[in-house]
Structures are given as C-alpha cells and as structure tokens.
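Multiple structures follow.
Shared between the two complexes below is subunit A, which pairs with subunit B and subunit C, respectively.
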Partner chain A sequence: MNLPSSTLLVQSILAGIFTGALYGLLGLGLSLSWGLLRQINLAHFALAFLGAYLTYQLAGYGGVDPMLTLLMIVPLFFMLGVAVHWVLARFKVTPFNSLLITFGLTIIIEALLQWIWTADYRRLDSSYAEHRYRIGDVFLPLPELITLGLSVAISVAIWLALKRTDLGKALRAAAEDAPIAAAFGINQRALALMLSGLNAALAGIAGVCIALSYTLAPSQIYTWIGVVFAAVMLGGLGRPMGPLIAGCIIGVSEAVTMAVASPSWAPLVSFSLLILVLLFRPGRA
Partner chain B sequence: MRRSLIIVLLAGVLLAIVPYLGLPAFYESVLYLVFHWVALATSWNLLSGYSGYFSFGHGAFYGIGMYTTATLTSQFDVPFLWTLPAAGLFAALFGAVLGAVSFRVKAVRGELFALLTLAATFVVATIVLNTPIDGGQGVYLSAVPMPEFGPSPSGTFYLLALAAAVATIVIALLIYHARFGIGLFAIHDDEDVAEVMGVPTFKYKVAAFALSCALAGVVGGIQAMFVSYVTTGDVFTVAMPLTVVLMSVLGGTRHWLGPAVGALVITLLLYSFTAGDSAVLGKVAMGVILVGVILFMPEGILGQALKRFGRKPQGRAAVASLPPSAINEKARQAEGAAGRTSDVRSGEALLVARDVAKSFRGVKALKGVSLEVRHGEILGLLGPNGSGKSTFINVASGHFPATSGSIVFRGRELVGINAHRIARCGVSRTYQIPRPFAHLTVLENVALPAMFGARLVERQQAQEDAWRWLEFTGLAARAHALPDDLNLHQRKFLEFARALAAQPQLLMLDEVLSGLTPSEIDEAVALIQRIRAQGTTILFVEHVMRAVMALCDRIVVFNQGEVLAEGPPADVMARPEVVSAYLGKPIDDGREPPNASGVPIHA
Partner chain C sequence: MTIDRRAFLAALSAMGAGALAPAAFAQTGGTPSGDPIRIGGTLALTGPLAATGLVHKLTGEIYVENLNKRGGLLGRPVEWVLKDDQSKPDVARTLYEQLITSDKVDLLIGPYATGNILSAMGVAQRYGKMLVHHTFGIPKLAKYERQFPAWSLGPDPETTTPEMVLDMMAQSQHPPKRIAVVTSKFPSVHFVSLGAREVAKKKGLEEVLFLEWDFGNRDYAPIAGRIKEADPDFLWVGGLGLEGNLLLDALKKIDYKPRNHFHLYPAPGPMVKAPEADGALSITIFEAHPPYTDNPVAAQFVEQFRERATKANMPETSVEVQAAASFSAWQIIETAVVANNSLDDEKLATWLRNNTVDTIQGKLRFNERGNFGDDLGRVKQVQNGQWLTVWPKDWAAPGATLKTS
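And then the complex of A and B:
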C-alpha cells in the first residue's frame, strides 16, 4: 500500500461524492417507500434502468437532449408508480411480500430490457459527456455535476416538503399510524398513491443520471442493490436527507479505498458499514 | 411421518436407477439441476421458512462451499469427495458465527436480517476475491480427478446431487416433526412468547442456521466440481438467494416438501424456455409467477393444495379421558420418582422477590419491589394503571430482564437467566392481550408449552395432554381452529390452557378477566378455583374487584412501582392509603370526604 498524491486523493474524494450523489438519488425513493409506506421496493432499481434505457433511446437515437427526456420520463414513471402501489394496496401486501413482488417485477423489467435492447453493453454518447470543468489539477465532469445538483436539490426539496408543508406532515402522520391519521381526516390512500408515484418518478430521474455517466446492461440492475440499501439503512428510513449524506460517506470511503488499496476492495467498506449499522443501530430502521 | 419418510427414500432409490437406464446424458443434466435447486431451496427453508428469518445470504454459504472444494482440490490435492464434508463444515461455521452475532441483536429480524445476510455475502465475496483463495482469476477444477462410482461422469454428478437432495429433504422432514421444528415454527409466529414458554430460541436459531448453511455448502461443493470453473462474480450474487426464496415461497415455506415442489416447477420451467431459445420469455414467466403466487396464493402451491385437498384433521384421538387433576397427579408422581418433588410445603414461600427494580431508560417502572408468593395460595397483585403489576410479571417470567434485585423461585435465582430456563423451572404466565401462535392450531398452541415447559414430554404425549387442557377450559370443540377464528373470550381461555399445559408450580395470570362479560368472568373464576384445587400456586393481576375478593387469599397493592400494602383482601382494601392511591386524596377543607358519606368505593 502506497499513499496516493494529494491531487489523486482530492480527485478520489470528489469521485466518491459524485457516486454518492447517485447512491443518494437512487436511495431516496427506496427510503421514502420503505419508511413511509412500509414497502421495500426492489423494482426501484429496475425502474431506474428502464429510465436509463429510455434516455439512451430518446437521446441517442431520437436526438432529444437527455435533460429534456425528463419531461416524458417523470410523468410516465409517476403513473407507473401509482399503478404498482394500487395493486400492492389492493392486496394489503406485507412489507416482506412487497419485497418479493417487486423482485418479480424486477425480473420482468429485466427481461423486457434484455428483449428490447439485448444483453450487450450500451453507452449513451451525449454532448454532456465531453464537457469537463477544470479547477487546478482537478477535473469536474458535467454529467456528474448534473447528478450531484439534482440529487441535492431534490433531497432538500423533499426534506423541506415533509417538514414544513401540511401535506408532508400528513404523510408522516399516516406513516406513523394510518388508522389514527385517517380518523383525523387524512386521506391516507390518496397520499400513498401520490408518494409511490413520486418515488417511481425519482427512479426515472436517477435513471437519466445513470444513462449520462454509466454503461448500461440489464444485468447491471443487481449491482446497485447492495450498496444503495447500505446507504438507505445508514441514512435512516424515511429521512429524505439520509440517503444523500450516507451515500456520500459510502461513496467517498469506497473511492478512497480504491485509491489507497485496490478497486476490488471497495465493496468491503460499504457492506461492513451496513453490517455495523444493522448490529449497533438497528433502531434506525 | 414414517410414511412420508418411506416415500421419500423410495423415490430416492428409484431415481438412483435412472443413470443406469442408458438415457441420453441430457436428461441427467436437467435432473441434476432440479436436484441442485431442490437441495438449495430445502436447505434455505430450514431456517428461513420454518422460523421466518428470511436469509438473503444463501449465496454466501453456497459460495463458501464452492470455494472450499475448489481450494482443497486444486491447491491441496484433496480427493473431491473428501472436500464435501469440509465444504459443509466451513459454511456451517460461518453461518453459526454470523447467527451468533446477529441473533444477539433483538431488532435484527425480518427485512433487517435479510439485508444483513445479503451484506455478509458481499463481504465474503470481496475477501475471497482479494485473497489467494480466488485472486481475481477464478479457480479451475478441470484437472481435478473425478470419482468414478456412477456409470458416467454425468451419472456421477446426478447421483451426488440426488443424494444431497434426498438427504436435505429427509432432514427437513425429521425436523418438521421434531420438537426442534415445533420450536422453530413458534419462533416464526411470536419469538418472545416462544422463549417465555420454554423454547431456547437463540440456540434453535443458531442451530437451524448452521444446519441450513452446512447443506448449502455441500451442494456448493458438488456444484464447484460440476461447473469446474469458479468465479466470485458468478457465485456471490443477489439473484441466487432471490431464486431460492422464489422457489420456496412458490412451493410453500411452511411445509417440508414445499421448497422442493417450487424448485422443481421453476427449474423445469426455466429449462423448457432456455431449451426453446426463449430465455427472456422464461424470465418473464418466472416474474409473473412470483407476483401471482404472492398475491393469490400466499401459502404457496403445496400450502394451497393441502388446504384444499388435505385430509381434514381427525377429532380427538381415543385417549383415556382422565380428568386433568388425575394427570396432574400422575405428573406429580412422575416428578416424585425423578426426585424433583417440591420440598416447599403449603404456606411456605415459593417465590421471593427482593428489591426488584426495572427501568425503561428514564422511566422507573419498578423501584425496589419485595414480595413473596406462598405455596398453594392465590396472591392478588393490585394497583392503579401504570403501577408496575404487569412489569413485575414480565420481569419474573424473563420477558424483560430486571435492572437489579433478585427473584428466587424454589431456591433458584431467576434474575439474569433466560426466559426459557425460567419456564423450565416451573413458572408460566398468560398475556394480558392474548398472544397465541397465529399459524398453529389451538391444539398445537396448547401442546407446545407441554413440550417445552417444565415437563419436556414427547409430541404425542403433549398432544394428548393438550386435549385434556382444552376440555378443562372448554375449548375442545375449537381444537383444530386457528387462533384468529376465536373470539376474545376463547382467546383468553386459550392463554389459560397454554399456561396450564406447562404444568407450572407457579402460574402468573395477567388481567385474564379484562374485556370479558360478567357471565364469562364467573366461568373464569370457577376455572381459576379448579386450577388452584389442583395445587397450583397463582399470582393474579386483576382489576375486577369482585373476582379479586372472591379468589385471593392475600393481596399486594402496587403504587408507582412500589409495594403500598400487603395482607388479607378485605383488610388491605379498607386502608386509607390504598383508597387514596385508587381514588385520589380526599379534599381536606373541613367537609367530610366523599367515601365517608356512604358512597361505595368498589370498582
């Protein structure tokens, strides 16, 4: 093990923050649906990749600006999320069964992606990828900056909405005790449908960010599950700022591990963190 | 059970003939895959299906088995077959350590346990990848000599996988019918209550986990040789445990054969699609099936089928209908023979509590309570809401650990020992809000404490005893119902029956009468009198004054976590400090207090 130069270290930390922002963005919808709706939505990852492939198609072949695909993806995914929740609520699915059902959905979406776009790796060539800003010796690529900006803006917005608005308070009350909240006149079902729509839309936005910076393959859906769950748990369920902050902690510790040791050691850090959180602070869940 | 065992073994023997029939090797490979998944899913079910601790770490244990075999054969030239026990042992060791650590943390249940085991998978994968075990290159086993006991190499693999599958199913079947299995099912429904009824929950979970891992490890060892090239990327995946979960849930996790059924269906389905070059369609089918089964058949294929076509449970088996007092007598004689006769005589202290304190963070629920329960009496424990009565029962039964103090029961210190050991000493309790095991029938609910409480009788005997206790409490007609189908009155009596089935020396009743109608209360009072007539000592927490006055020999009044008064019921209830604890202090303005003007104070 040899210590890396300070430039490399700064670049690593930045890279970690960028990855962490994406962990946070992916984890946000997951954390909200787990914490506030008691649903563990594995399909979140599959939806994100569906969004990524749609962006790839629209931007790569349709010539649409990747950011503009959001105009289509956000409403579409909102409706998808509402539909999925309608089914889960209709059958009164328990948290654990929601995990299994959404795993079933994940398999279906994965097969769909494989059928349309094949199992080969795909990469979106957009004009964004060429833009990089330079500060001193450190490079800041534009797609990652967009991801970071979106992630921070959305996390803060949702945090404020949950904390300050009546709608947010109603949501938190319904999560705490649905029947009591209903007795106080909160339409829990409508709120839950709306929140699921929002979560799916968040998956779509994360998908656009994935398309901007990563190579796509249907099997990649599964590679994100472990580390994003670690960020969600570490951040505390249902806390909007949690995934972003925890994601950045994990991202940076991974990136530094990669720089100091070797890239293949990186997962050890995030998963050991997750295990420690589960053993010593299980109350966060 | 014996019939099932014979059928499984017979099926195993018949299937063992297949490689000698000279069928194309293709059939052997398909069936190899079926057996492979049957063994994996069934092994997973031992912990996860039976006890409800869904593990997503099955890939890790399977992978440890694969790498054990790969390393031992390729680097140490150990013959392949000898590596299989080692593969099982390493996987079991890892599972036992992981279990011993994670089961210590009470909150790590359900989704959290699933996540923890998933994370453990990736930790193991990273370590394997970065150490010489794998080294990042993967391990080739193509040069390892294959044992030749089958008619052909593919036949040998077939026989190995068949043996693993049959062995795993037999183990699952034996556990299903054993005390161990009943304990695991109780843990599934309500772990805390299981522990209080005498199930050594920690030990059982660790043992089930280790066994489940060992079997997965052996299957992994066989698979390593079968694929002859092992990489971390293929072995330690999320998809593998999820597939196993899917198979088990599809077949039914509450039955020993469920996972095997699910594995058979899924493997054949996937195979028929890949064979037809439509792997994508196969995946879609798998996803649709998973969603459909959970929404429409939450008990799985086998669970649903048994419910619809299974034999209706028989009425009570012909047992000599002894009155419960007689069995109690028998039990007492048996105890006497075993030299365990209580040396405590009537009127002497059976349980002595000294300065028992219990705090929940800042809240002091018990602040140094001292009391004694005397042999053969009914001691009433009274006090306003929040005075610590239920907490005392929870501490004495081991449901909560005491913060300090000592509780001695027949010369044995109860503070600091596990709840299941307290139950084995001869203490049992009821819960204020009934907490039956939701998936066990009324009969099984009552048989369980007989198998785990002070007596530890065998299953057959426990069921016979359970019938008697059901008759005693008037629930015999509902023996095969599930607790959810009972009304509150029956659920309360089920609590009674369960507590009695353990044949305790000390029975602690926590507000068994609350919520009952006056006529139901009369029935319950009569029941308690019958229980006492058998010589059981009773600690009775109750608000219904009429019952307290009718039943109790002595009462102890709690107030704000302390003992306020103690003595004969009529005497204690007349004391001014007791009256004011219940009704507040009279206003001292010269006028007469309200109760002095003839207003009755009875609750």
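And then the complex of A and C:
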C-alpha cells in the first residue's frame, strides 16, 4: 500500500465530504419521515429522481437556470408530499405497510420516468458543470459546492427549527407521544401533512443536486438506497444533522479507502463502520 | 483479427448482386401465410440494463417487420414473442421456461447481457433448444453446443482485444511506455482488463497503476486523483456503461485529461456527447459509416434505425455495436432456417456449426471454443463528437486516423 500524496488525500477527503453532503440531503427527509412520522418512505428516492428529471427538462429544454427550478420544484413537491401523506393517513397505514406502499410508489414513478424520458441516460448540460475553483493543487467543483451548501444550510435550518421554534417542539412532542401532544392542543394531523410536504420538497432539492452532478437513468433510483439508509441509521432517526454528519463520515471513509487502498474495499469499510457504530453506540436507538 | 476489410468486401462481392441487395428489405417472397413462426426471447426493457435493452428491442422490431414484408420465414409470418426480464437473470430464466413450455415458441433468441444470456442458455439446454444471442461477454462460460453468439470478439477477448489495442498504440505517433489499468469488477469487463495487464506486461509496458472498483461505484474522484498522480501514457478503463463517463467527469473536475484512454464497453451515446471524452478509444464491431455501410443491408438498417430511434425519443440514434450484434442475431436465425428449410433445433444448430453466416458485422463462424469464431473487433475513437473506426486502417472511417498525444 503506497501512501497517497497530501494533494490526493485532501482532494479525496473533499470528494468524500461532497458525496456525503448528497447522502445527507437525500437522507434528511427520510430520517424526518421515519423518526417523526413513523413512516419509512422508500418513495423518497424516486421523488428525488423525479426532481432530477424535472430539472433536466426545465433547464435542458426550457432554458431555466437549474437553481431557479427550485422555485417550481419545491412547492410542487411539497404538495405532492402532502397528497401522499393524506392517502397514507386516510388508510391508517402502519410503518411496515408504509414501506411496502412507498416501494410500490417507487416502481410507479420509475415506470413514469422511463415512459417520459426513456431508459436511456440523460445528462444536464449546464454552465455550473464547467465551473470549479482551485486552491493550491486542490479543485472544488461548483455543483458539489452547491450541494454541500444546500445540505448544510437546510440541515442547520431544520435543526434550529425543531429545537427553537414552537412548531418544532410541537412536531417533536407529537412524535414522542401523540395522544398527550393532542391533549395540549397540537394538531398532529396538520403537522404531519406539513412535515410530509417538507420531506418531499427536500427530495426535490436533492433531485436538483443530482441533476447538476450526475447522469440520470430511471433505474439509478435504487443505487442510492443502501448507502443513504446507512447514513440515516448512523445519524439517528429524526435528527436533522444526523444524516449529514453520518453521510460525510461514510463518504470520507469510502473516499480515503479508495485513495489509499483498493477502491473495491470502499463499501466494505463504510458498512463495517455502520455495523460497529450501531453495535457499540450508547443508547442504541 | 483474421478478417480484414478487403476480405470482407470480397466475400460480399462473391455473394453476388442478390445478396448485396438489402436482403432484409428488397427481397420479396410474397405475402406470408399460415400459422406464424414464433420466435421467443426476453430483453431488459426495465431495470438497470434497459437503456441497452431498448436498442435491441428497436432492432428486433425493425428486423421482424422487414422479414414479414418480404415473405416471412418458410412462407409463414414471423411473430416475435418478447417479454421483459427486468434486467434480472432469475426473471430471464423463468421467462425462457415459460416461452418454451407455455408459449411453445418455435425458436429462441437471446436476452441482453451476459448474466441473463447465461440464464437463458441453461433453460435452452434443458429443453434442447437452439439459442442465438447478441452480446455474451465471457466466451469460456458458453458450454452449450446449441448456443450461438452474434458477438464477434472471438473465444479469447481477454487476449485478442488488448493485443489489438496495444499493437495499435505501439504503431501510433506516441507509443506508450507507462500504462494504468483501472477496471470495474463487473465480470464481463474484469477478465478482459486482467488480460490487458498480462498483455501489457508481455509487451514491455510499465504498469504504473492498477485499480479495481465494484460495479455501481458512485464516487470516482479518488480514483481520478490516483490516475492523475500516476500520470500514465495510456489509460485502460475496464468500464461498463456509464462508468467511463463518470471517471472522465471526475478527471475533468481535477483538471486532468488522460493523454490516451481506452474504454472497454462504454455507453456509446453519453460518451460521444461528453466534451471530455474527445479522443476516447473503444472496441467496436460496427459503426454507422463506410466501409460498414458499403453493405446495402447495413446502410438501410442504419437509416431505418435512425428514423425509428428519433421517433422513439432515444438520445442516441446511430447504429453501433449493440444494435449491430442484435441485427446479426436475427440474421443468423434467418439464414439457418432458410438454408435448412426447417425449424428443427438440432438441424439448425448442426448447420450453423459447419457454415458461416453473412451479417452486417462480417462473416461469422461458430466452430471454435464456445461456438465463437473470428475476432472481428476493431478500434473506434471519439473525434469531434463522433465515433469513428480508426483501426485497422482498412476499416477506418473515410479520412479518419488514430489521434494520440
């Protein structure tokens, strides 16, 4: 095993942080949904790719700046999330059944993507992809910086909102003990609808980031599930900063493994880390 | 590589005007009648392989449509019973079982991708059915005597492909001395990359980097960083599908352009469209330019494919290796049935092992290990947003030459 140069190591750590930021952004909505609503929303990944394809369409063919697509995607996805949760709540879906139903929804969205955009690869050509900053010998690509910025800003904002605002406290109270929270006048139904809308909007934002950095194909919905779930589990359910921190730990551990050893060992290292943390962390939850 | 352009064109000429005419389109045998001949197969119409599966679907539709227009097979119409294996070998296995026992198809055509073909092969073997397939990547695993590959890279692609590529580079203006081999562990590319290491060693090249990654890897930045540090003269990328693009994208982000780079089985559309891929080399059996399109059948197929792919909103509308292999598989079936005037699997398989079939790739024979024949592989290069064959020289696109740096 040759030791990497400092440039390679720093570049790899940065790459791991960038990838981890996307894991965190994708995992944030999933973690909130699981932790606060007790719904394991597999459709979150499909929604993210729907967001990515919409960005591709609006920016690639409609001439809209990719970042401005957020102005359309966020409200649209918020409403979509509200609608999905309304259906789940209407039929009193249990957490396990939510897994099955949202998996079905994922298949439907995948089929929809393939029907509209075909199974062929799609790549958004945007001016963002051409921009990168250089600090010494290290390069910082703009799309990845945007993803990191959004992921940090949104995670911190949601963490603050949950911690400091009445709305956040109400959400946490409802997740802790819904009947008692209701007795204190908390409208759990309205909060759940709002949180579902927020989670779907987060998926849409992650989709914009995916479109900026990755080539799209409908089947790629599934390639993210394992590692993002790992970030969510590692970060703790319902904890807004958790997926970002855990995502970065996974991303950096994978990237450094690739830089110093064989790239094929990367998943082995990150998932071993996950198992160790889950086994030994205090108050395993 | 045993068949060059001249030999191929001479063989075509020897076939006479009738064969030179676009047989799939011009030859008429009257209106087919009677019960249809049912040819069954699966394709990856959904799932991770669907992008390529759809190329095979479109090719098959064009072929069968034209076959029926010119009289079908044995005077009967041909019906293609196509099922979606969802890119999964286990689903392919079940569906081939269904095609044989429940749909009772007369003949079989293979699915797309090595794993799925292997599944179909097992079922075909159990029922003694002939299986003609498109793109089987690991010849040593093809043990069944009634399976016939349309993928003309010969029985030992792990040796013949790197030899051709490195011989070409040795004769270029910038013969490489230092090679980096980076590869996905996807089975059908991994063994060829390992072969490339051996061939490079025999040719005296210094290996400055060897890396493997799992198929489905998302982060190519550290791999790109290591390539940049190794700074090879020649980069061999054992990549499948989008992997080559992802690696080039990661290299671009750290401001590094490999001097000369070869990609084993890239997704042709995305690669040719990526500006950073200019100069990328790859293997081919067919491209939509002369001399391949000097064959009128090929030329007409290229036109039809372009038209239909455009209508189907497919981003890549050129015929290249996948479509050509698929078209060839149909040609193999048609030729065997017509030559034997029969649908008997044993008879057709025996005939195929003892004869050659003219396809748009060239003449295919099936009498070496795994029923593979000559390696008809050539090398193509991305030049100004187009894939152009550059090697061997007599298969090069008009005016195209290998560009190295």
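Keep this in mind: the second predicted complex is superposed on the first by the 276 of 285 C-alpha atoms of A that agree within 3 Å, B and C clash if a C-alpha of one lies under 4 Å from a C-alpha of the other, contacts with A are read in each partner's own complex, and residues count from 1 in each chain.
The rule we apply is simple: a contact is a pair of C-beta atoms (placed from the backbone, for glycine too) under 8 Å apart; a residue touches a chain by one contact, two chains touch by 3 or more.
Computed from a predicted model, the values in this text were never measured in an experiment.
In the three-chain model built by superposing on subunit A, subunit B clashes with subunit C. Contacts of A:Ala111 after superposition on the shared chain: both subunit B and subunit C are touched. Touch criterion met: A:Leu278 reaches subunit B, while subunit C stays clear of it.
When both complexes are overlaid on chain A, the residue A:Asp120 reaches subunit C alone and has no touch with subunit B. In the superposed model, A:Pro263 lies in contact with subunit C only, and not with subunit B. By the touch criterion defined above, A:Ser5 reaches subunit C but does not reach subunit B. Of the two partner chains placed by the overlay, only subunit C lies in contact with A:Ala255; subunit B stays clear of it.
Shared-chain residue A:Tyr133: touches no atom of subunit B or subunit C. Subunit A residues in contact with subunit B (one complex) as well as with subunit C (other complex) are 110-111, 114, 222, 262, 264, 266-267. Chain contact summary for the complex, subunit A toward subunit C: residues 4-5, 7-8, 11-12, 14-16, 18-19, 110-111, 114, 117-123, 132, 134, 139, 141, 144, 215, 217-220, 222-224, 227, 251, 254-256, 258-259, 262-264, 266-267. Taken together, the subunit A residues at the contact with subunit B in this complex read 40, 87, 91, 93, 95-97, 99-101, 103-108, 110-112, 114-115, 222, 225-226, 229-230, 233, 262, 264-268, 271-272, 274-275, 278-279, 282-283, 285. The touching residues of subunit B, when paired with subunit A in their complex, are 54, 101-102, 105, 107-108, 110-112, 114-116, 118-120, 122-123, 125-127, 129-130, 136, 237-239, 242, 245-246, 249, 280-281, 283-284, 286-291, 294-295, 298.
On the side of subunit C, the complex with subunit A involves touching residues 45-48, 50-51, 53-54, 87, 185, 211-214, 216-219, 221-223, 225-226, 228-229, 242, 245-246, 253-255, 267, 269-270, 273-274, 312-316.
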